[in-house]
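Next up: the structures, one after another.
Below, chain A partners chain B and then partners chain C, in two separate complexes.
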Partner chain A sequence: MKRMMLSLFIIMLLASPLFAGGAQEAAEEESNVVRVFGAFVDEEARRFEEAIRPFEERTGIDVIYEGSSEFETLISVRVEGGNPPDIAALPQPGLMKNFASKGVLVPMWSSLEDAVDSNYASVWKSLGSFEGTPYGVFHRVNAKSFVWYPKKAWDAAGYEVPTTWAELEALMDQMVADGVKPWAVGIESGGATGWAGTDWIEDIMLRTVGPDVYDQWVSNEIPFNDPAVKDAFEILGDIWLDPAYVYGGANTILTTSFGDAPSPMFSDPPKAMMHRQGNFITGFFPDDIQANLEEEVGVFPLPSINPEFGIPVLGGGDQFVVFNDSPAVRQFMEFLATWESGELWARSGGALFPYKNQDLSAYPNEIERSLAEALVNAKVFRFDASDLMPGQVGAGTFWSGVVDWLTGKNLDSVLSDIQKSWP
Partner chain B sequence: MNTNITPAGDSKERGNTFLVSLGRLAVSIFIPLVAFAVLWAGFIFLRDSNAPQTIIALVAIIWGVGGVALLFWVTDYVVNRMPIVVAKKIQPFVFVGPAIAILAWYLFIPTMRSLYLSFFGPQSTNFVGLKNYIYAFTDSRMLEAFRNNLLWIILGTGGAVGFGLLIALLADRAKGEKFFKSLIFMPMAISFVGAGVIWRFIYAYKPLGEAQIGILNAIVTLFGGEPQAWFTIRGLNNVFLIVILVWLQTGYAMVIISAALKGVPSAIIEAGRIDGASELRVIRSIIIPFIAGTLVTVSTTIIILSLKIFDIVFTMTNGNYGTEVIASMQYKQMFRFYDYGRGSAIAIVLVIAVIPVMWYNLRQFSKREGF
Partner chain C sequence: MAGIHKQSKWTYLLVLILLGIVIIWSIPIFGLLVSSVRPRDEVMSTGWWRALESEEGFTLDNYRQVLGGSDQTFVNASGETVRASGDNLTQAFINSLTVTIPSVIIPILIAAAAAFGFAWLEFPGRKFFFTLVVAILVVPLQIALIPILRDYQTLGLTGSYLGIWLAHTGFGLPLAIYLLYNYISTIPKDIFESAFLDGARPMVVFARLVLPLSVPAIASLAIFQFLWVWNDLLVALVFLGGTNDVAVLTQKLASMVGSRGQDWHLLTAGAFVTMVIPLGVFFSLQRYFVKGLMAGSVKG
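And now, the complex of A and B:
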């Protein structure tokens, strides 16, 4: 009997979390609650919540944001399990297309579509559409084609911002002659290691062969081992595979987290002079640098290679899509389509917004203001190719291919392996 | 147990009037119905209620724990109401039934579903035959994963069992046995992910000239060497990862083997020594044959672990630099690339690879009636 009581007790213990799981689901039914699930966490999540507070106060709707660094995994598990959030912020258009093709998304209703039409450039609507039906509303976006430098040391050395690739190369050699490494690079990112490398390739592709070939590359109309792609890798290899040009060489590129990568620029004296990364990287700068961003840091767009294509902007962004329709959800989505939803976040920094009618003076410093301006005014804007390619490639072999190439694998076989993996 | 099955005064009641047994039947039906109604009401409340979360959580705990107790009590009650012959036959199923139901729901059905999905494309809509399995056995990354898993099995199991045996033998002959054994056993308390985080620091790499925060590189540079990015050294990096498994599992192997060592009759060992056998000979010819069954059981357990290995690779290298394993490939296909077909096919391959080892392991277990 004693033993039976014990086993009973154990069974109860084991079973209780199983049943307790039901508690969360029940609360979600509340009608003035909107549950949003996204990939941004910590500080970014806090700033998002801050930005939407005026909406909550005005409408009485409670928007509960939940972020996870394992977002891509969890969102499909939750959708598959029949327990999607009301709204999700999808970082990859491919994810949106995947869900849209399964019919689990609520398409834009007319008033939302009108708001998107009047507040955004048309490129954003088409990025949020699947087979002609718009689903996604872009909110915070990022632009990646920027080179950051430590302003004080840069000015002290008398360097000038390059506007062509030849000038950039001359500048790199000048830096080497001055005894400082030109570039600080890091592509480690846990389960996503390699993405920072794919961004470089994409930026170079846009500059060497232009947006049309870029689009063909994204849709695999030209194969991954096309000379155009190989050429981009080789241009990058001229920098990355030369230990004179990159702080720490290939091993440091591979093992340094993308967020830590810029830090050699801010040691005294700087160990590296330039870092190419999106606007969000300022959030990873050391605190004292962030406090005086305008004095400490300079930025310029990655120079043009083929003058025919000018200086294109590469970027990305989270699009908000609706899984569960309700009046509160609709109200919130329409709010997200307005500049008002981004203004507070823009003021606190670290975010760019695509709204045509935005007030550029909201950005806290000259740097972010100029980035936002570049984004809104760019003649050629292209979404991050790896986010557009099928997951097997864009989140798989393209990332690992960059890693393999850096560890010394033959470029031709890296590229043909990526091509082979295209589904 | 018997007192439970036979209610007091059972023999008297037996042979009572038809009316009494009808009443008993009614009660037997009525009580389960009431229990079911209570549980269902709780479920509905938990699903639809708008009460504050703390109350819901409290109800959930009471409902969950109490529900299990209620289910047990009711089924036990019903079984006890039955004639003893029937009760004896039903009783085992009442106790095993929930376990079987849970296993079926959480294990058998998902496995069958995976098998089914493995013959379909990424979206599970179009039938593709064996295409996913052809991928699983021909893709270069998958072949690399198979090779690495083999390496994990050989080095991981060999290392853990070998060190476990060595330490068990040494500790058996040493003072402070308990202390050393607890020390070796301690890593067992750490999860694989936790171990991954710890070892990331051990293997951490910083370029030459910066302070090395990784102990391994700190030692290397102390003796004038160049810091190494350990994970990027192809081939060897697998060994660096396997070391973590050995570190985690040696304690487990040691404890089990140590227990078996205590069971080796000292008379035979003494006899061997008197006959002039060297210590090595005693170990080889007496102790090892005696504990062979235990060694096999421990080995198969760790082999299964090595076959399923995922957490360490996932936290350390994410399968880059030629360290991919089968489980990490499955995860990527399933959750990164959303290719349910390939992911399921790899899962099935893994299941099939584990089954013979599992079967052998269970056979050893039942032979020895546990440890």
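And now, the complex of A and C:
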């Protein structure tokens, strides 16, 4: 009994300072602290923290970043529970629209809007807007329309980078004749299996029917079983469903994790020559390849199909939105809208930035420099459609539809099933 | 003779079957262990059963990164490229223990007292309240997250250890009360009668008789509650947050795989590191465990 009372007493003793202390500190520091919550963690979080350190030193504002791999669930719970962060970095525009429609976001004030107008291409502002009101400031972004290849083997075989779809197809046949599979593809990703496939479809859509039809597709103004979408699946099918073109065939596509997918390119000799994926894929390359990225790996944008639309870039990115307004928060948001906030992260590698006035020489290697250049100079940039569509489709039936189609289900019924699931 | 012979044959068969099941169950864990000492590129490219063909051999690098912090390369404010280790696990271990220990002790104490009350004290509405407790068993805790978070915001409890202790206490109580009730109600009535005859008050009976007699049930409950709280990620993320000063072990491990899961090979080593303390708890309470598992199963 005494022991029990003692332990209870100790618990109370432990609890009281934690409880009281937390509240006091919060009150004292509130005005100089900015709490940021986002989805990037570990090394990327560290790079972000280092990139904003000059701002902290200059202004005396303490920016506390918290990253979680469970971000999407948590941000909704915290906002609903009345405990939102000051600023959140939202990976999906859909989340921003959701919060904006509930009125929990602080819209851009005029000086921030001016900074965004002068530093970004207009597409970024419209991606951060809901019903005409701008909310989100984009910072780190990614671009996905790239094809990676093992440079040494590529050069040894004398292949040339294709610039049109016809050239790409000719190159694929040349590779088959040389006895190597053209593509390494993998779309397995646990519960999210299929997303890597939706990226392909989106890229092809942008190249065949252009951004306007793409936008109509995203908002379901044209149905999912429209010939434009079916056409994109068929173009992809010409590659994916032909065992001559893909390492391991359709089954390997389904069962290989998107991160392991590039690895056949790096065996000796390579078992496949090309892999289409976003800039982040370099983090999954084997260590010795990553160490010599420039010498080992080459990259080119997925070629154009209809010359009218050039080479569009598909991508995504985190937009920073404000939940709690304060002078410190405003200062930090205005900092995020400038290239200065991204420069150090760009130099660390693994991140692209959308700023018009960025200094491309900051990127650590030729590869990222060329990706950033392609991103900034793209005449057409579109956000990943599956992130823009309603969750039931974009993070549901579109993913599973790709899987069904790969396992042999009839394309028409796959597409009409996806259309039926549209809320 | 023949009978015994036959019997031992059956015993052998049984042992063989059991052995087979044990091996099947152990293979994934063994694979995890092998993977945890293989270099990253090999974990990514070939299965663990091909570990012996490897040229690079085995490495403790995964454990080094899990315990000492994962390797990070970044450019600092003065423009230099720095290669450093992330935060190590010490703080996360301390945080996890700070969360877990009170979150095990508080609900068990409350549950034991409540179970004693439900089992042996007469008060109006006893049946009703007990039914209520059992009914709460089926309510998933996710439903309660947002309402509780709102209340915590008003009370200023979000982000404090007290908040998460109370949350885990609340979420753990229904099962704890139910389990202990079933055990405590099987304690022979005579013991209480003689104690009450000797003039003992309920509080004394609880502390001197019920608690010591319920040690097997309490120990097994402690193991369950400890494992649940130790492995919890969701409740901690919601009520405590994920900043470095409060992040628990599960949060650290979850973020160690990187934003896109590119470093998942570290999880293999991480699994064994986090296992250490629950295993210690399990083995130290194990001798009560089997007795405790039967708690309340054969009610007299």
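In this text, the second predicted complex is superposed on the first by the 393 of 423 C-alpha atoms of A that agree within 3 Å, B and C clash if a C-alpha of one lies under 4 Å from a C-alpha of the other, contacts with A are read in each partner's own complex, and residues count from 1 in each chain.
Criterion: a contact is a pair of C-beta atoms (placed from the backbone, for glycine too) under 8 Å apart; a residue touches a chain by one contact, two chains touch by 3 or more.
Predicted model, so just to flag it, every value in this text is computed and none were measured.
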Tell me the contact category for A:P423 with respect to chain B and chain C: first, second, both or neither. first
So in the superposed three-chain picture, is A:A170 touching just chain B, just chain C, both, or none of them (first/second/both/neither)? neither
Taking the superposition as given, does A:F280 touch the first partner, chain B, the second, chain C, both, or neither? second
Let me test your reading of the model: by the given contact rule, A:G349 touches which partner, first (chain B), second (chain C), both or neither? second
First (chain B), second (chain C), both or neither: which does A:E43 touch? second
Just to be sure I read the superposition right, which of the two partners does A:L360 touch: chain B = first, chain C = second, or both, or neither? neither
Chain B versus chain C as contact partner of A:G249, first or second or both or neither: first
Touching both chain B and chain C, residues of chain A: 1, 4, 8, 11, 15, 18-19, 22-23, 77
Note: in the complex, chain C contacts chain A through residues 40-41, 44-45, 70-77, 79, 81, 86, 102, 105-106, 109, 145-146, 148-150, 152-153, 156-162, 165, 204, 207-208, 211, 233-234, 237-238, 241-243, 251, 254-264
Any idea which chain B residues touch chain A in the complex? 1, 3-4, 43, 46-50, 53, 56-57, 59-61, 63-65, 67-69, 72, 122-123, 140, 205, 207-208, 229, 231-232, 234, 314, 318-321, 332, 335-339
Given the complex, residues on chain A that touch chain C span 1, 4, 7-8, 11, 14-15, 18-19, 22-23, 39-47, 50-51, 53-54, 57, 64, 66-70, 74, 77-78, 80-83, 259-260, 263, 280, 283-284, 286-288, 344-345, 347-349
Once bound in the complex, which stretches of chain A touch chain B? 1, 4, 8, 11-13, 15-27, 29-30, 72-73, 76-77, 98, 101-102, 190-191, 193-194, 247-249, 251-252, 254-255, 390-392, 395-396, 400, 403, 407, 417, 423
